[in-house]
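What follows is a set of structures for review.
Next come two complexes built around subunit A: one with subunit B, the other with subunit C.
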Partner chain A sequence: MIPEQQTDRAPLNTDVVIDEITRFVAEQTRTTPDADQDLFATGLANSMFAMQLVVFLEQAFAVTVAGPDLQLFNFSTVKSMATLVGRLQAESAADGDV
Partner chain B sequence: MSDGPTHEDADTWRSVRDNAGSWDLAGEIPRTVLSGLGAAGVLCAEVQKQYGGLGMGSLESGALTARVGSLCSSLRSVMTSQGMAAWTIHRMGTREQRAAFLPQLTGGRLAAVAFSEPEAGSDLDAMGTEVRFVDDAVVVDGSKTWITAAAYADLIVVVGKVGDNAAAVVVPTDTEGVTVEKVPHPLGCRAAGHARVRLDGVRLPAANVLGGSGQSLPFLITTALAYGRMSVAWGCVGILRGCLDAVTRHARSRRQFGKPIAEHQLVARMVAEIYAAERVATAVCGHAGECWESGSPEVVIATVLAKHVSATQAVRGAASAVQVMASAGASDGHVVARAYRDAKLMEIIEGSSEICQLELARHALATANTTDRQP
Partner chain C sequence: MDKPLISIVGAGVMGTGISTLVVGHGLPVVLVDVDEGVLDRARAAITTGLRHARLTGALPAGCPPAELRTALSLDDASGATAVIEAVTEHPDRKREVLAGISSLVRPGTPVISNTSGIPIDEMADWVDRPGELIGTHFMNPAYLISMVEVIRGPRTADGTVESVLGLLARIGRRAVVVRDAPGFVTSRLLHPMINDAAQVVSAGTATVEDVDTLMQGCLGHPTGPLRTADLIGIDNLVDALRALHARTGDERCRPSELLLDKVRRGELGRKSGRGFYVYSEAQR
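Our next item is the complex of A and B:
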C-alpha cells in the first residue's frame, strides 16, 4: 500500500501549485482549465479522473489524501485542489505525520 | 515464526493445489484454512508491517495473487475481498480506524466489501442501502447481493447512502440485524463464499464509519474497485498459468493418430494462443503494477486496462484449454473446468467488461488528437 508519506519539501507557493495542476489537467484532457472552472460540471472530469487527480497530487506534492479529504468538492477546481495541497502540506509540516 | 502457513512455504501451496478441486465440488473452503492464511497476512499482503501485514508492493502482491489464482480462484477471490476491505480502510479511514481494523485483517479475521444490490449492479448510484447518523451511532438498513467472501466474513465494509452522499461502514457480521445467506450454486469461484447480506436496523458506533462522516460515492467506488480490479487481473493471469500448465503437460503426453497431440497443428495453435494470452495479461498487469508502485496517475486507467484485458484473455484461454484437454478436463473440479467457469465470472465482477470498455473509450476519446502515446 502507499506508504504514509512525509514531506521533505517546503510548502510551495500557491501559484506554482496551480500551474502544475493546470498543466496536468491540460495534458490529460487536452483542455486548459481556468483555475475556477468546475471540472466535473463542465464534463472534463469524472470519478475515474478524480482518482487520477488524487494520485497526481500525492506524487507531485508529497502529500497523502485519505479519509475525510477524499471528497469530490476538494477536486472540483484547480484552485480547490491547490487549497487542499496547501492545507495538507501545512498539516504534515506541523504534525510530522498524516 | 508461528507454525501456521506462510506464503513462502511450498507445503502451503501444495495443499491448496491438492484441495482446490474438492473445495470447488463442496462449494466451501474450510474456515481453518482461511483463518490460517489470514493470520499469515497472505490474504491482504499489501497491508503495512506496522499493522501486522506483509508490506508487499503492488508487483510482489500481484505475483502472489497470480500464484494463488493458478491454483484456486475461489481462494484468490477471498484474497481479493480481504485486500479490497483492507485497502478501503487504509484509504478512506482515519489513522485511528487503520490502527483498529487493519491488525484484525492480518490476524485471522476475514472481511468482505459490499457494494452491489439486487437493483444496483453496474449502476451503483441506484443503491438503496441507507446509513443514518443517530447521535453518536449509525443505523444501516439495506440488502446487498453477490458479496464475495461474505459467507466467511467477520467484518463487512458496507457501502450505503447518506442523503446525497455515501458512507462505508465496518459492520461486524455478529451485530444484531445482520443476516448472511449463501448464494446457492454459483457458476464459478464456487467456494468463494458469495452471499446475500441483509441489514435490518443494524446499529453501530459512528466510529465504524470510515473517515467519520459521509463521503463521495464515486470516490468510494473508484477507490475500492481500483484494488479489486488489480487483484482480479492478476487472478486471471493465474487462471491462464494454470491452464497453460495443464495443457502443455497433456498435449505432450496424450497421443492420437500415432503422435502427441501437440504435434497436431490445430492443437498447437491453441497452445500458442493460451501462451500468448498469458504473456499479454502478464504484461498489462505488470505495467499497471509499476504505475501503482511509482504513484503514477496513469494507474487508474492502467488498472482498468489490466482487468479488462486479463479477464477477456482468461475467458478465451480457458475455453481453449478445455478444448485441448477434452474429456480429460471436462469434469467439475478439474483445473481447466474450474478455469472455464471461474474466468467467466471475472468478466462480470469489479466492473463488467462492458463498463471497463466504456471507461477505456472515455479515456481514449478524452486524450485523443495525439499519436504520441507513452510506451
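Our next item is the complex of A and C:
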C-alpha cells in the first residue's frame, strides 16, 4: 500500500475521468466513443484491447484492478470504467486514512 | 497422479502463453529456458497473462493458478507427465531440444512439439521413440484462443494422441486432429495470405489499416492479416514462411521484401513495440 501516491492527488471528478478515458480509447481506436457505448458489442474493443484498458486505468489513475473487479463487464463502456475508477479511488482513500 | 506436471521448454511468446494457459487451469508447470533474463520476463508476462485471461473469462471459475517453476536445465523437465517443446522454428534448434527431451523423459511420456509448420515426421527422426512425438499448433495468445490444431505424424502412436487430447480437454481446449504436412492446415492457408497482404501494401494498393479493415469488415477476419502478423511476430512468420517455401516450393510462401525489411529493422510486431503497427508499452 502506498497511500502517499493518493494523498497529494485531488479526488478526480467523474467528468475528468470520463474525458481522460474517452481520449485514450479515441487514440487507440481512432474512434471517439460515447460514454454509454458498449465498446465490445460495437466492435471498438476486443479481448486484446481489454487488457490495455486495465493497464491504462491502473497507470493513469493509480488504482489496482484485481479479484472480482477483473471482469469485462466493468470495461464495457467509458462510464462503467469511470465508475470503477471512482470506487477504487474511494476505497483506497478510505484505507489511507488508517 | 491426480495433477499432471507439465514441462514447457522455451520461454518465448508461445511458451509463455501456453504456461499461462496450463497454470491458469490449475496444472503445475516447469518452464525451461537457457536464458535467465528470458525466464524473468516470462514470469512477468505470465502474471499479466493470467489477469488478461481472468478478465476475459477464459479461466475456470474458482480455480486458483497452479505453481509455476522456472528452470535453466532440461533435467528439470524430466519428471513431467508431458513435455511441450516451444522453441523457435529453426530445425537445428528444435532438433537439439527434442533429442535432449526424448533422452531424459520416462518412456511413455508424450513429447509435444509446438510448431507452426515443420512436419512432425521430420522431427520424429530426432527423438528416441517416434511414437511419443506429436505436434500442436497453439495460436497466440494461447490462453485466449480455445481451438488448437493437433498434428498426428505417420509414426505417432494412438496412446500419444489419446493422452494429448485428454490433456488439451483438461485445459479447456478444443482440438482438431489433422495429418502431417508442411504448414498443416492453418499455417498453409494463413501464412501465404499474410505474405500476400504485405505485397499488397508494398504495391501501394492499400494501406496497412485498409487491408486489415477490409479483411475484418468484408471477410470476418477477427483482426486482419497484418495485425495477425504483428501478433505472431514477423521474425517467426518469416521463419515459418521459409520452412514452408523450402518444403512446398510454393512461391507465395517466399517471404516478401517488406517482411524481410521489417525483420532487419527489428520491427518484429507487438513484442518489439513496432511491426505493421506501433504499440505502446501497455499494449505488448
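We adopt the following convention: the second predicted complex is superposed on the first by the 88 of 98 C-alpha atoms of A that agree within 3 Å, B and C clash if a C-alpha of one lies under 4 Å from a C-alpha of the other, contacts with A are read in each partner's own complex, and residues count from 1 in each chain.
One rule holds in what follows: a residue touches a chain if its C-beta (ideal position, glycine included) is under 8 Å from a C-beta of that chain, and two chains touch if they have at least 3 such contacts.
Predicted model, so just to flag it, every value in this text is computed and none were measured.
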Three-chain arrangement built on subunit A, subunit B and subunit C clash or fit | clash
With the two complexes superposed on chain A, say which partner A:Leu70 touches: subunit B (first), subunit C (second), both, or neither.
-> both
Looking at subunit A, which partner touches more of its residues: subunit C or subunit B?
-> B
Which partner does A:Met51 reach: the first (subunit B), the second (subunit C), both, or neither?
-> both
Pick one for A:Thr29: touches subunit B only (first), subunit C only (second), both, or neither.
-> first
Touching A:Asn13 in the superposition: subunit B (first), subunit C (second), both, neither?
-> neither
Touched partner set for A:Thr42, first subunit B, second subunit C, both or neither = neither
With chain A superposed, which of the segments 1-9, 199-207, 217-225 or 271-279 in subunit B collides sterically with subunit C?
-> 217-225
If you lay the two complexes on top of each other, which residues of subunit A touch subunit B in one and subunit C in the other?
-> 28, 46-48, 50-52, 55-56, 59, 70-72
In their shared complex, subunit A is touched by residues of subunit B numbered 46-48, 86-87, 90-95, 97, 210-213, 215-216, 218-223, 226, 294-301, 304, 359, 362-363, 366-370
Which positions of subunit A touch subunit C when the two form their complex?
-> 28, 46-48, 50-52, 54-56, 59, 70-72, 75
Touching subunit A in the complex: which residues of subunit C?
-> 48, 51-52, 54-58, 141, 144, 222-223, 231, 282-283
Provide the residue numbers of subunit A that touch subunit B in the complex, in ascending order.
-> 1-3, 24, 28-30, 46-53, 55-56, 58-59, 66-68, 70-72, 97-98
